[in-house]
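Before any comments, here is the structure.
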Amino acid sequence: MLEARQLETKLASLYKAGKIVGGVYLGKGQEAVSASLGGSLKWKHDVFAPLIRDQGGRTAFGEDLLDCARTYLGSVEGPMRGRDGNIHRGRPAEGLLAMISHLGAAVPVVTGMLLARRLKGELDGVVGATCIGDGGTSTGAFHEGLNAAAVEKLPLVVVVANNQFAYSTPNDRQFACEDLYDRAKGYGVAGHRVDGTDFLACLRVIGGAVASARAGGGPQMVVANLLRLSGHGEHDDGSYVPDTLRAGHLGQDCMDVARQQMVDSGYATAEEIEGWRSELEDRVQRALAKAQQETKPDPWHETWQACSQNPALPFEA
Amino acid sequence: MSITYVDAIREAQEQLLKDDPRVFLYGQDISRFGGAFKATKGLADAYPGRVLDSPISEDAMVGMAIGSAIDGMRPILEMQFADFSSVGFNQIVNQAATHFYRTGIPVPITVRLPSGGTPGSGPFHSQSMESIYAHYPGLVVVTPATVSDAYQMLIESVALDDPVLYCEHKFLYRWLKAPKIDHDGLPLGRARITRHGRHATIVTYSAMVHEAVRAADRLQQESGWEIEVVDLRTVKPLDMDTVLASVARTGRLLTLGESFPWGGVTAEVVARVCSEGFHLLDAPPKRLNSRDTPVPYHPNLWAAHRPTPESICIAMRELLSF
Amino acid sequence: MLEARQLETKLASLYKAGKIVGGVYLGKGQEAVSASLGGSLKWKHDVFAPLIRDQGGRTAFGEDLLDCARTYLGSVEGPMRGRDGNIHRGRPAEGLLAMISHLGAAVPVVTGMLLARRLKGELDGVVGATCIGDGGTSTGAFHEGLNAAAVEKLPLVVVVANNQFAYSTPNDRQFACEDLYDRAKGYGVAGHRVDGTDFLACLRVIGGAVASARAGGGPQMVVANLLRLSGHGEHDDGSYVPDTLRAGHLGQDCMDVARQQMVDSGYATAEEIEGWRSELEDRVQRALAKAQQETKPDPWHETWQACSQNPALPFEA
Amino acid sequence: MSITYVDAIREAQEQLLKDDPRVFLYGQDISRFGGAFKATKGLADAYPGRVLDSPISEDAMVGMAIGSAIDGMRPILEMQFADFSSVGFNQIVNQAATHFYRTGIPVPITVRLPSGGTPGSGPFHSQSMESIYAHYPGLVVVTPATVSDAYQMLIESVALDDPVLYCEHKFLYRWLKAPKIDHDGLPLGRARITRHGRHATIVTYSAMVHEAVRAADRLQQESGWEIEVVDLRTVKPLDMDTVLASVARTGRLLTLGESFPWGGVTAEVVARVCSEGFHLLDAPPKRLNSRDTPVPYHPNLWAAHRPTPESICIAMRELLSF
């Protein structure tokens, strides 16, 4: 989560310097939620479908820093080889899905992967998780996917990061219920609520939801309340977020809260944390430097094939 | 003993379930009930846990099939009617079609689309969507016209690593019968010369193959014309070798399809023949599609909406008189 | 409702006799629910989007018997002129929508009509209503539509006729919540529950929901529990419905209940009701006879135009 | 003073709101925020209550627009990107497109689709969907290529009783400028000869009009070829009169588009020219589309995925050398 913040801070300045290929969407302020989820999942064992604000979860799940650096900097060595970018990167064979842009679309895909595990007899102790925003809950895909997971009683964990806005659209133009948490019962899934700025609470509630799913408790929905501490993307100043909201409880930075909580609990001293920070800054720097030097995609070396090789088919060139 | 087109689809699924533990079926009412058209009858009992009823959620159905395929399964998804795949459109064209290109991981799903018109089915139970899906890179679109193809192409669709839209024609379900499954060994992606001729070529697919053959027989009887009928079998990829070779022999081309007239298979075939084999043509190519309205409900209108042996004969006589 | 039952009984036998163009889908057993809704709405004032089992509601709303007879019997005089059929008929200009087959699709359309009324300043005292099945609640369209209506606080009434099955699929393969009623809260809409076999209860609860919406109470969702007393369509024997369910409370015929309730409450005597029945049978018979003699659609007189006339456009013929 | 393509779209909406009380705007982030591309900037303040933010519910958004149109309004729906209209596909093709035919009541909705590729946008923010929607009877599909057309065609789209897919090209948004809105009076449904020539015709639309003109200029400079460029303006209906007249003058045809290569506008135009004007052609017609993969993300790949002046020149030289 610290690594994610370091990385994203760096990405933001690279974006401002015009060094990034495409857009930059940050998870600033959402690291506690995202990392609590990613950190509860096991690489190559569980399934994780991150969304646009899940650098924290990616890192905690076990994604290589280089995958990120390479995608943002347009290296052909990245997992998407220049064909898709940035937040869309993934390693589906390792359980890290590569999102499409259409919100909600990952919910049934994770569900389907879990169904596959069940059919193969490999579901035991496995969890599939995905994040979605407050805005994403309005999609039919979210509804159909969560409902189908509930019918199949699969160990799906959906974390709704309610950052009060979908791009510029506030909650009151997005839904009319008092709390998105109220939806859980209507799907017959276990519901949880958490203060997304409180790191320890996130660890407990989100970690708990993952543990429940893993133990056979069926689908789980966690609603985390928080604010994003950046614009929608780095092109956006987020000026539609009222100052009062920023100044209030939800506006506190989960990183500060986490640091304090670690120190208070004696888990680490302020110096130790500062040490991690500079070590991570170094690693981030190295990964970015390496990626920056790598070859860019070249149309002459691109196969331009949308279908997998199949010699039996007389595909058009 | 004979086997119908829909039975062939059922038997192919039975064979697949038997041979390949990665195969499972997902769709509305396909389990104990056996599906709206009985294409999965008895399979739930024979393969417990592998034939699953889904909620009425086409978008999630496709999404789940994709997820399971990423994880190594070979799902066969039944849409109750092709028309309802419009609800799963996003997952088909944006998730399934792009996944291999983006990630290198293929998505071997087969989506069965009960397609095409029957009298009294109306605008929402009659659609032919092959022209829509074929537009998208990354999708394979197959359109079997015979009982044996219905069987064999379903087996091959599931074997393929790429997403396949398997368009099965509802009009053929019970009307089309064969003594047995008897495949000529043509692989997916190859067209077939269904009827040989030398005066003109009709390029078509699915149920229209039979209307084309009827028209050709009539033209032969009435006027001695010998019409070649090419069954595309898969509309994407298109077997242009077979099409061009036929046009080279006959010099005249009609493309025939049941989907809407703007764009689609008939346009693509004419455009490619004209670009790649312009000099082969002795007359302007012709196209015949359904009419440019939704598929009407009343049988009187329906019968005039899609091409018929009569309208095909009229078009062919124009083509031949050129 | 009595008229609807008469009509549909007749349609079923015409179907068996091969006289009907296309399929026949009946609302047998669902008349109390449907008619309670339709009867609470005002023709040419409110909006009603019936679904496949809403003959009861159509009749009560004010649809002409002839519209029905003509569509089923393939007369070109029907409102759809042979272009679409049977349950898809409607008169949108009078507030009776013409459904497309895709389940859930009517929910946002009714919502949009109500939005139009608001924008025109004509919303006062208006209600828009639609029915949906238990199966239809699994569609993304239902979710997106109801959510949008809730955000706009429009007077939409959605009646969920939970007849325990979607075609052959039982509730437990359709959703996992204990009661679909639990969904209302998650949308922030008023929720209601009713025994769909109990006519007086339907009148009260559904009529009440309509009244609430009319009075400015915002969107309403009513879940009615019942069974359909026919197959999915007349081609289906419904043998997947367990006998125990048929023999139980939900299996009782709402028409019998209604008759008893009317008699008990002194609203009508058994003789009066029998009198209505035979009068209605007559009317149904006449409408069907008239429609049967009318001209059938003729492709030579059909315009074959999918777009409205627009001389400015060089449309393709 | 000059006005950009996206400004023209904004001004047209402002004019429409001003002139017609039936008009309202609905879409994600279009109200106070002014839309992802600022195409509705300031309109919410100027027309309170008539510019509404929607939830992220494309299916419901289209459904609501349809309902409001049935009830007499003239909604303009903004999709944040054309690519997301896939989620509203069912309402567009099954509800909006069929309603007039089925009931006689027209559905005057205008759906704005920010279309086409820009570097770094990737597979889901770059799509051109005109070829998909044009397939469906009952839909009108317009593709403005100039600032004045962007304005004028939006005004006319809203005036039309039928559902219109208004495909606005994102690449043109800020790059394309004009001194002022200055319309030549061509109605919706008529193509324009953007550049006159006599050796060959390029039929195209939207952003590709500009690439075609660039290629034509280059061919003229380098080799003296005079290339005619036809801007279709609306891809459905297609103005075949103008296209055929041009081909009659030049004898050579290239069709050019940015959507995927299978089917679509380029196929439809070639097929119709060949069927209706075969004798006008002195050489086999050619087509140029994007490549048959999803739109790639990296600018290096993106630039080679869509047609460019270079690839157009290569195709034209082949065509001219025939």
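Quick notes
Letters A, B, C and D mark the chains in the order given here, with residues in each chain numbered from 1 onward.
Just so it is clear, a contact is a pair of C-beta atoms (placed from the backbone, for glycine too) under 8 Å apart; a residue touches a chain by one contact, two chains touch by 3 or more.
Note that the coordinates shown come from a computational prediction; the quantities given were computed from them, not determined experimentally.
Among the remaining chains, those touching subunit C as well as subunit D are A, B.
Taking the mean Cα position of each chain as its centre, A sits at the greatest distance from subunit C. For the pair subunit B and subunit D, the distance between C-alpha centroids works out to 30 Å. With centres defined as mean CA coordinates, subunit C is found 43 Å away from subunit A.
Taking the mean of the C-alpha atoms as each chain's centre, subunit A and subunit D sit 35 Å apart. For subunit B, the set of residues touching two or more other chains reads 54-55, 57, 59, 83, 86-87, 90, 94, 97-98, 101-102, 123-124, 137-138, 262, 291-294.
In subunit C, 80, 83-84, 88, 100, 102, 138-141, 144, 147-148, 151, 173-175, 305-306, 316 are the positions where the chain touches two or more neighbouring chains simultaneously.
If you sketch which chains touch which, every chain touches every other chain without exception.
By the touch rule above, subunit B contacts subunit C in their complex via residues 28-29, 32-33, 36, 53-57, 59, 81, 83-84, 86-87, 120-125, 261-262, 291-294, 296-301, 303-305.
Considering their complex, residues 24, 49-50, 54-55, 57, 59-73, 75, 90-91, 94-95, 97-106, 137-138, 140, 160-162, 187-190, 237-239, 241 of subunit D touch subunit C.
For subunit D in complex with subunit B, the residues that touch the partner chain are 83, 86-87, 89-90, 93-94, 97-98, 101-102, 123-124, 131-132, 134-138, 236, 259-260, 262-268, 270-272, 274-276, 278-279, 281, 283-287, 291-294. For subunit A in complex with subunit B, the residues that touch the partner chain are 79-81, 83-84, 88, 90-93, 97-98, 100, 102, 105, 107-117, 119-120, 140-141, 144-145, 147-148, 151, 305-308, 310, 312-316.
Those residues of subunit C that touch subunit B in the shared complex are 21-23, 74, 80, 82-85, 88, 100-103, 135-136, 138-141, 166-169, 173-175, 240, 296-299, 302, 304-306, 316.
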